[in-house]
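The structure is given below, and queries will be raised subsequently.
Each chain gets a letter, A, B, C and D, in the order it is written, and its residues are counted from 1.
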Amino acid sequence: MSESFYDEVLIDHNLHPQHQHALPTATCSHAGMNPSCGDEITLHLELHDGVISGGSYTGVGCAISQASADIMLDLVIGRTPQEAQHLRELFMKMIAGEINDDELEELEEAGALQNISKMPARVKCAELGWRTLGALLDEAASGNIT
Amino acid sequence: MNEFTLKSDFPVFTKYPDLVYLDNSATTQKPQAVLNAVAQYYESENANPLRGLYDLSQKATEVYENARIAVRDFIGASDEREIIFTRNATESLNLIAYSWGKANLHASDEILVQISEHHSNLLPWQHLAKETGAVLRYLDCYKSGTYSLQSLKQSLTPNTKIFAAAQISNVFGQLYPIKEYAQICHNNGTMIICDGAQSVPHIPVNVQDLDVDFLAFSGHKMLAPMGIGVLYGKHALLESMPPFLTGGEMIEYVTRETATYAEFPHKFEAGTVNAGGAAGLHAAIRYLNALGFPEIQRREDKLTALAFAEMQKIPHVHIIGGDTPDAHHGILSFTVDDVHPHDIAAIFNADNVAIRAGHHCAQPLHRHLGIPASARMSIAFYNDESDIEKFVDTLKSIRRRMGYV
Amino acid sequence: MNEFTLKSDFPVFTKYPDLVYLDNSATTQKPQAVLNAVAQYYESENANPLRGLYDLSQKATEVYENARIAVRDFIGASDEREIIFTRNATESLNLIAYSWGKANLHASDEILVQISEHHSNLLPWQHLAKETGAVLRYLDCYKSGTYSLQSLKQSLTPNTKIFAAAQISNVFGQLYPIKEYAQICHNNGTMIICDGAQSVPHIPVNVQDLDVDFLAFSGHKMLAPMGIGVLYGKHALLESMPPFLTGGEMIEYVTRETATYAEFPHKFEAGTVNAGGAAGLHAAIRYLNALGFPEIQRREDKLTALAFAEMQKIPHVHIIGGDTPDAHHGILSFTVDDVHPHDIAAIFNADNVAIRAGHHCAQPLHRHLGIPASARMSIAFYNDESDIEKFVDTLKSIRRRMGYV
Amino acid sequence: MSESFYDEVLIDHNLHPQHQHALPTATCSHAGMNPSCGDEITLHLELHDGVISGGSYTGVGCAISQASADIMLDLVIGRTPQEAQHLRELFMKMIAGEINDDELEELEEAGALQNISKMPARVKCAELGWRTLGALLDEAASGNIT
């Protein structure tokens, strides 16, 4: 990999995360982890009237997992769960190297993680937030809110 | 010997002249002499050994058994039959647990393990304890990576059957007093199992002097190819142990109902053996012997001291374990404030420096130390001062490159 | 492809131009392409894989995992995670016995084994039966080396949990109808374990078509280096099985008391893996694929037929097993009246012909056939007609050279 | 190895063994075996007044094990157990490649097996009769005659 990997976007979200805090108003939470790295993230969402009206994460992990989760929350807050799931799919597509330019644009800052696919050992870090989001939304949809 | 010529023995450094390889505890690079020995085996000595009814098979048998003799001499065993070839240290340790362990351990027996052990010298005992109802206990270390002999003595009970300890920790680089351990254990009727994965490649090891009951190590961490490892066991123990894997090459008589087994070591080497790997291990031992441990240690100690001194000067960098370089034997694990070890390794990689990050297969130790993970650089004799300089340069830049001032 | 050029791919025949190597069932010789792939791995891709935090380690991981994919395709598995790398077929079979067997077998359960099995596909079951109290039963064969499907059906009881059968016998060379076996077994709720050590190198094998639950084989019998073998297992079985060897690289979380394990296949690959061996196996598969099984079989069948026809003409020589060449798949075991197989092999060796003699790790079979031992010649695609001629010439001379008229 | 291995002496003893038969007058017997080859030999001796006055062997095995046992019996019949043990030691010395010319002469026809050391897999065949003899004489000396 090249050093450019830790670019401004990533470093900024890692150093100054907007969404890393507890969320007393959360309607649902879900913990995700990445055994090979030791990354652990708990995602908290506030779901109201079919919209993700708020969100945050807590936990520890590498810069990639933290920044990726922070960027993700920037993107999905204010969207419907369906839209969020769509973005999750796009993100996975991007990591798999199968995304087109229009789709990449939809991902906005999350596109900064495109090159992670060259470092397979770190892919799971980048995906952690998104995988946790997917699991949480699936649970919420099926009524199993925890 | 010229201080800077050894890298030319290792083709990987010809291929990648800018590579700074500092993950030697994970696996070493291989000198041309080892690759040649393996190729020569397959070009002119390859057949199924141990069935030597024709010249080529006889040659293969000799290659394999000569490697056994070389290992015997390398670790100071008195009898080559005490040398069993396995796949790696992990298999060696599992062999003891499955064979000696299942035959000899009972509920209420105890197994004592250093908390700093690699998973490969910990999980087999955890598994054995579960299977037999024995109790697994840990000896806890200080932050310096050392243990108190007093607390070892106190931890041994009349029921302690096994004490498992690495000679050199793969996280701290600390060298443990195995000879004293063995005395204490034997006085208590406890068997001592030594994990030599990190010691045998770096310091002279003599099993008779240490008086360990078993010693396990891997070829790939000492210049040999992957896929060949060693278990040393004392004659009387190996003789009494039931076989582990069963199949071809390890039997005397087989009937429909039962079987009698070959003598050790063959009893423990089921199936077609890895003679090519043994040829490589033999060549690795020849290379190490030619260089000699005094020289190997001189080089490694010097580079360790250099790296240690420089790292100590860098703010926000914390070396794990002993606070003098001679406590590290080429292994320097560390943390950098606010930067996750995986990010540290990624930045090193961007600068062409290969180091490791994570729990180094020692999760219970990291939990004991209260750190989730660490980064680790580890030295071999073929590293040189410029490797250390490049390592230090990158290390200095890490926090800045992660956005800290 | 020219009928007589393949030997030049194998350095051993350059080194020994007069060598007639007919012990291919024991182990094959290695083509230059395989030796090159192993050397290339160590020269430019070597690091500890599965911890890929730097480029070289990432390369090693790719080499290793690409080999897994190549094996998947070679044996027609649907999922590369169903491919576990082991040391050899023997270890693969022991892994099943220790992991699936100990977790699933109970007293009064039954294991059925073909009497012609190699010790490696027999002793693990004998051992498992003793450990669990299960009953080990044998399916007996005819002198021709065949079994009756009817008697297989009759031997299966509601308690039969495992049927273990080689696809090709290493004594008879007989090919068994594994697909029909699997159907019969599955109708009875019995698992079928196929020993492919002698089939995978010589005929196309497709695990999905055969529908076997497990398939075991060795790299060294199919041009690859020693020290690498394969266990294929069906997804659902591997998922449910406890680990066998424990240690580094196969865990998720480890605490003092307990551990959770990685997903298969890594769960079953404890310790540092043999990436160099996997690189060699991958190159071996590439070589076999490039030549192609139609060509491999054409060559081997032709040589088998030639040898069979000549041997049949020699008085006092008796071929073991089927009475047509197509029942032998390159494996011709035989006896010579009044001459012990070890003496036969020694005389062949004096003429530079490498064959094997003894019980071929099939003592119960030899006892069943009423012969103490036998001699065996076994063919690979790189043998040629002149090899067969030299073999036949020596065979004709044996009794005379032992003093018989 | 070279073909000369199966020389006239060996072939003759294998084809026309003098001592391969039962021995009703035996005072002691001992079975030896060689698992790797399947060789099995039972040695029968007649010990009278401190002399091996007769002997035979029964069993199956390769030409080397059979001929070696036959040659051995030629040598030891008529000798004392001490002399026989001395010859056994010389034979083992020969196989180990440590014998001198005078000693070799003492072994008479058994010297035909000198080259077996080049074929380690067959050494045990050549030694089988001698090892069995050693064990039998040890037993007899300690009074444990079977």
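The rule we apply is simple: contacts are C-beta pairs under 8 Å (C-beta built on N, C-alpha and C of every residue); 3 or more make two chains touch, one makes a residue touch a chain.
Quick caveat: nothing in here was measured; it's all calculated off a predicted structure.
Engineer: Could you compare the number of C-beta pairs in contact for B-D with that for A-B and name the larger?
Structural biologist: Pair with the higher count of C-beta contacts: A-B.
Engineer: Subunit B to subunit D: how many Å between their CA centres?
Structural biologist: Computed value for the inter-centroid distance: 48 Å.
Engineer: Need the CA-centroid distance for the pair subunit C / subunit D, whole Å please.
Structural biologist: Result: the chain centres lie 39 Å from each other.
Engineer: Round to the nearest whole Å and give the separation of the Cα centres of subunit B and subunit C.
Structural biologist: 31
Engineer: Which parts of subunit A, given as residue numbers and ranges, touch two or more other chains?
Structural biologist: As it turns out, subunit A has residues touching two or more other chains at 1, 119.
Engineer: Which subunit C residues reach two or more other chains?
Structural biologist: Each of 51, 53, 55, 57, 251, 253, 342, 346, 349, 358 in subunit C touches at least two other chains.
Engineer: Would you please name all pairs of chains that touch?
Structural biologist: All chain pairs meeting the touch criterion are A-B, A-C, B-C, B-D, C-D.
Engineer: Once bound in the complex, which stretches of subunit D touch subunit C?
Structural biologist: Within the complex, subunit D touches subunit C at residues 1-3, 5-6, 11-12, 14-15, 36-38, 60-64, 119, 122, 125.
Engineer: Enumerate the contact residues on subunit D facing subunit B in the complex.
Structural biologist: 1, 35, 119-121
Engineer: For subunit B, which residues count as touching subunit D in their complex?
Structural biologist: For this pair, the touching residues of subunit B are 51-53, 55, 57-58, 61, 251-253, 260, 262.
Engineer: In the complex formed with subunit A, which residues of subunit B make contact?
Structural biologist: Per the touch definition, subunit B meets subunit A at residues 339-343, 346-347, 349-351, 358-359, 372-373, 401-404.
Engineer: Where on subunit C is subunit B touching in the complex?
Structural biologist: Contacts found on subunit C: 11-12, 15-16, 19, 21, 23, 26-27, 29-30, 34-35, 38-39, 42-44, 46-48, 51, 53-57, 87-91, 93-94, 98, 115, 118-124, 126-127, 136, 138, 218, 220, 225-229, 245-249, 251, 253-259, 270-277, 342, 345-346, 348-349, 353-358, 361, 363-364, 367.
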